[in-house]
Amino acid sequence: MSEICRPRWVERPPAGTGGGFHIRNIRVADGEFVIAAGPCAVESREQIFATAAAVKASGAVMLRGGAFKPRTSPYSFQGLGWDGVMLLAEAGRAFGLPTVSEVTNAADVPRMAAQVDVLQIGARNMQNFDLLRAVGRTESPVLLKRGFSATLEELLLAAEYILAEGNPRVILCERGIRTFETATRNTLDLSAVPVLRERTALPVFVDPSHGVGVRRWIGPLCRAAKAAGAHGLLLEVHPAPSQAKSDGQQALTFEDFARITAELARIPVFDAHQVEA
Amino acid sequence: MSEICRPRWVERPPAGTGGGFHIRNIRVADGEFVIAAGPCAVESREQIFATAAAVKASGAVMLRGGAFKPRTSPYSFQGLGWDGVMLLAEAGRAFGLPTVSEVTNAADVPRMAAQVDVLQIGARNMQNFDLLRAVGRTESPVLLKRGFSATLEELLLAAEYILAEGNPRVILCERGIRTFETATRNTLDLSAVPVLRERTALPVFVDPSHGVGVRRWIGPLCRAAKAAGAHGLLLEVHPAPSQAKSDGQQALTFEDFARITAELARIPVFDAHQVEA
Amino acid sequence: MSEICRPRWVERPPAGTGGGFHIRNIRVADGEFVIAAGPCAVESREQIFATAAAVKASGAVMLRGGAFKPRTSPYSFQGLGWDGVMLLAEAGRAFGLPTVSEVTNAADVPRMAAQVDVLQIGARNMQNFDLLRAVGRTESPVLLKRGFSATLEELLLAAEYILAEGNPRVILCERGIRTFETATRNTLDLSAVPVLRERTALPVFVDPSHGVGVRRWIGPLCRAAKAAGAHGLLLEVHPAPSQAKSDGQQALTFEDFARITAELARIPVFDAHQVEA
Amino acid sequence: MSEICRPRWVERPPAGTGGGFHIRNIRVADGEFVIAAGPCAVESREQIFATAAAVKASGAVMLRGGAFKPRTSPYSFQGLGWDGVMLLAEAGRAFGLPTVSEVTNAADVPRMAAQVDVLQIGARNMQNFDLLRAVGRTESPVLLKRGFSATLEELLLAAEYILAEGNPRVILCERGIRTFETATRNTLDLSAVPVLRERTALPVFVDPSHGVGVRRWIGPLCRAAKAAGAHGLLLEVHPAPSQAKSDGQQALTFEDFARITAELARIPVFDAHQVEA
């Protein structure tokens, strides 16, 4: 890291002292544990409203939903676009849930920032530096996902592109890295939680849905993420996963989600997140 | 897995129904959470006795200690050999702790089985099939570590070499896999816990010491492993890590270990380890 | 690859039948071997002109040079921007060399396409789908680098985004993947050459500079790439590598480059690129 | 590499000065290019004799064949054992070809050394240190395969276990590493050739059969290995790959092998293996 003189991420409140920030009425900070949930992709008004109702009833405090979906193949479902954004925003208002959605193009940032509460940068765009600078010039909180082959240092440097533009509200999100193992979609790297909590005061979320990629293994990893000291989770929930237009195999049903949040309630929030050196 | 007709690991009690077995008076099974701790290498009588006393006082129920150390370089400390085995066995008897130690050569298996309670197969030897068959012919429980680049299927097939010889008491141990990330020594793959618990009734342990490799990040991963549903932990503890002859940077002090076990006590044992498909 | 009905990359001339296309007067096709060389970043008129003269004298037929540099840290040299593009274009005209330069933002595509001959998509942007679509709407040849953690199938699907917009002139470029090995900057995956040549008629280049990352190991990998059947190379050359503003450790001197091209001349172009199934 | 004071691999003749050694009448050294070929596993007298005749006719100078096969599953074909060793030795004598076969157990080393010319250590046993020491105490040349997740430094340190016992005749063999890519069985890391040739005077072989794992892509990688500066190849050849008892999909037919050796003859041996720093 020789080329960085004084990265902004270390100029913030030292790790463990609280820090954090608000997203509307939701506090993201040490001592808190925040659950953002919703479908991979917004598919219809019925789908997003039903999901918003269900996840709110089970403890989610933010609503996620993709409208612009970066897909490996150009022939896969690409999302509803701005129509999806509007439906998400509407559902968020109806249920009093701040919203999170991915933006994929610097040109879309102002319009997206006007509609959703948190701008998500997807794993594939973690080093799309023009996009990072663009969200750095907004006043919106940003949820920055780790690239699936990015080191933690590269994640922090990607966050620095946003911070350097003047936007201090960045959430880092571990979502699994690419390894040789094929049993799971990715390998969820929960070491990221203590490592990032030591190096920065930025909040750290975990996305077990993409990290594991198989519905029935997501619950244990949600519990592990909270126990490791994550500040929050990002989870995919769908009214009928088998009919989902994208990533259905990793979407939780409403019942799955309720069971998982009940289990999570049995694990305390750990603030003393690390043993001294 | 086409080449396997009827692997023995699926002929055992179905996952979630209890299963497990005893190691002397210690039960390793669903509903239990077992901590095995001790130094990376047995270095002296004082060292192993002091460590045994400390880890027992903080909740460990098994004592680990290496005597034959597989080291990357032939010029590194290679362990005390049989003298180390005898010291470990003596400390185990003195404190009433079953012992765990690594065996690296098929020819050593009978003598090792006579002295220690659990035969450990190290990550580098996970596919040393002659050694696997040799421990399969004993009546000793075996702790089988995942190779640092082995898939979970390969781990199960390695266990099958032991089971096929007639020894049913195998503990699988996740200890981190090799990835591109360099912040940690390895990447601890906690997805292994739910995946293995679904595929087999063999107990699953986690070794965060090797998985993370940095002392101050081990505690959060211990908590995560328990929350994910592991049946136990394998941890390295040393009276004075900075003087350890091997792997000192990942050894916990007695105080670290006490703090971690206190945190672990705040997390319940999760038996309902997975959401239904 | 179930989600793709009829990808365009297989609708082209079958592998081994020639295919290919021209970039100005340069033919990129089976039976040809093309060398594109130049600095990582355009730094000054003197630098790019001296390099153009030197690489042309030693056998390069295209001139590469970055003007918009995606850098891991926001505090690293980011390139000269449009000034760099103009200097590159000027040098290309002066020496009769078609030019290659990276474009990082969909909004910049038309202006870039007006100045340089080949639009490069960097590894970090291989799945920046808005950018891929934008270059797909031009008539410029595109050099598409494999993401450092992209599978070959993902590379082909990224190319499909460009082809699907109507632009058939895409060169695929292997540039090393991220693995656990740390001796080299990346691990150059030369298997990509026969695999891609079998699956598509698109030309396949190799970039050993990024693949290896250490000057003195680049020559052997250049030879290996040609012997494996690559259609061309992309190489970084600098008048004074130790003064380079980016990636100096992997830049070849003029003398290195001359020696490597002399060695390459001793290896035939292999058209019979594969053993029959 | 701080723990190594004076590794023996750097006390040998400096890289590029020739060095090397003889295996019977075959010289393995700078300026030479040696092909060892034969079946993955010896299956019958007919099979090994037919293969020996065919590979000798096409330019192989050593005969390989496995008798003790380390297999992921205990239910896969495990080789003919000592019967296979005797058949290999007999075929080697009949055709005047030095033989190479894998030894998997320290206890088998003396008997194996009495029958075959070169003792092979397989990838899974690269860090089976008891086995390394055992072959280090013989006078037989050793072909040491890189573990599929071993760094080059770890490979050199594994060689050091053999050298430290007094056996100087070690051949290092790159055979592909485990990565996220699934198109090929492993990722053949040809960077290993220049890196190892710089760090040691030990000869460096390449095994594209395991590296690529798919018959029709092996030829291009053989050519690449020679062009990169390898001292030799290890190749799997079988009279009828579709009937092979192990690894048939990567076995070359006699015709494949003849075509590949003819192509290899068109590539010079490169001694000036690296550009100066």
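Note that the chains are named A, B, C and D in the order they appear, and that numbering of residues resets to 1 at the start of each chain.
Please note the rule applied: contacts are C-beta pairs under 8 Å (C-beta built on N, C-alpha and C of every residue); 3 or more make two chains touch, one makes a residue touch a chain.
None of these values were measured; they are calculated from a predicted model.
Student: Look at the interfaces C-D and B-C and say which one is made up of more C-beta pairs in contact.
Tutor: Comparing C-D with B-C, the pair joined by more C-beta contacts is C-D.
Student: Suppose chain centres are the mean of their C-alpha atoms. Which chain sits farthest from chain C?
Tutor: Most remote chain from chain C, centroid-wise, comes out as B.
Student: Quick one: chain C and chain D, Cα centre-to-centre, how many Å?
Tutor: 33
Student: Averaging over Cα atoms per chain, report the distance between chain B and chain C in Å.
Tutor: 47
Student: What parts of chain D, by residue number, touch at least two of the other chains?
Tutor: 149, 178-180, 182
Student: Across the complex, what residues on chain B touch chain D?
Tutor: Checking each residue of chain B against chain D gives 3-5, 70-76, 104-107, 124-125, 127-130, 147-149, 154, 157-158, 160-161, 164, 178.
Student: Please name which positions on chain D make contact with chain C in the complex.
Tutor: Within the complex, chain D touches chain C at residues 149, 151-153, 177, 179-184, 187-191, 193-195, 198, 211-212, 215-221, 223-229, 252, 256, 259-260, 263, 266-268, 270, 272-277.
Student: Under the definition above, what is the set of chain D residues touching chain A in their complex?
Tutor: Per the touch definition, chain D meets chain A at residues 178-180, 182.
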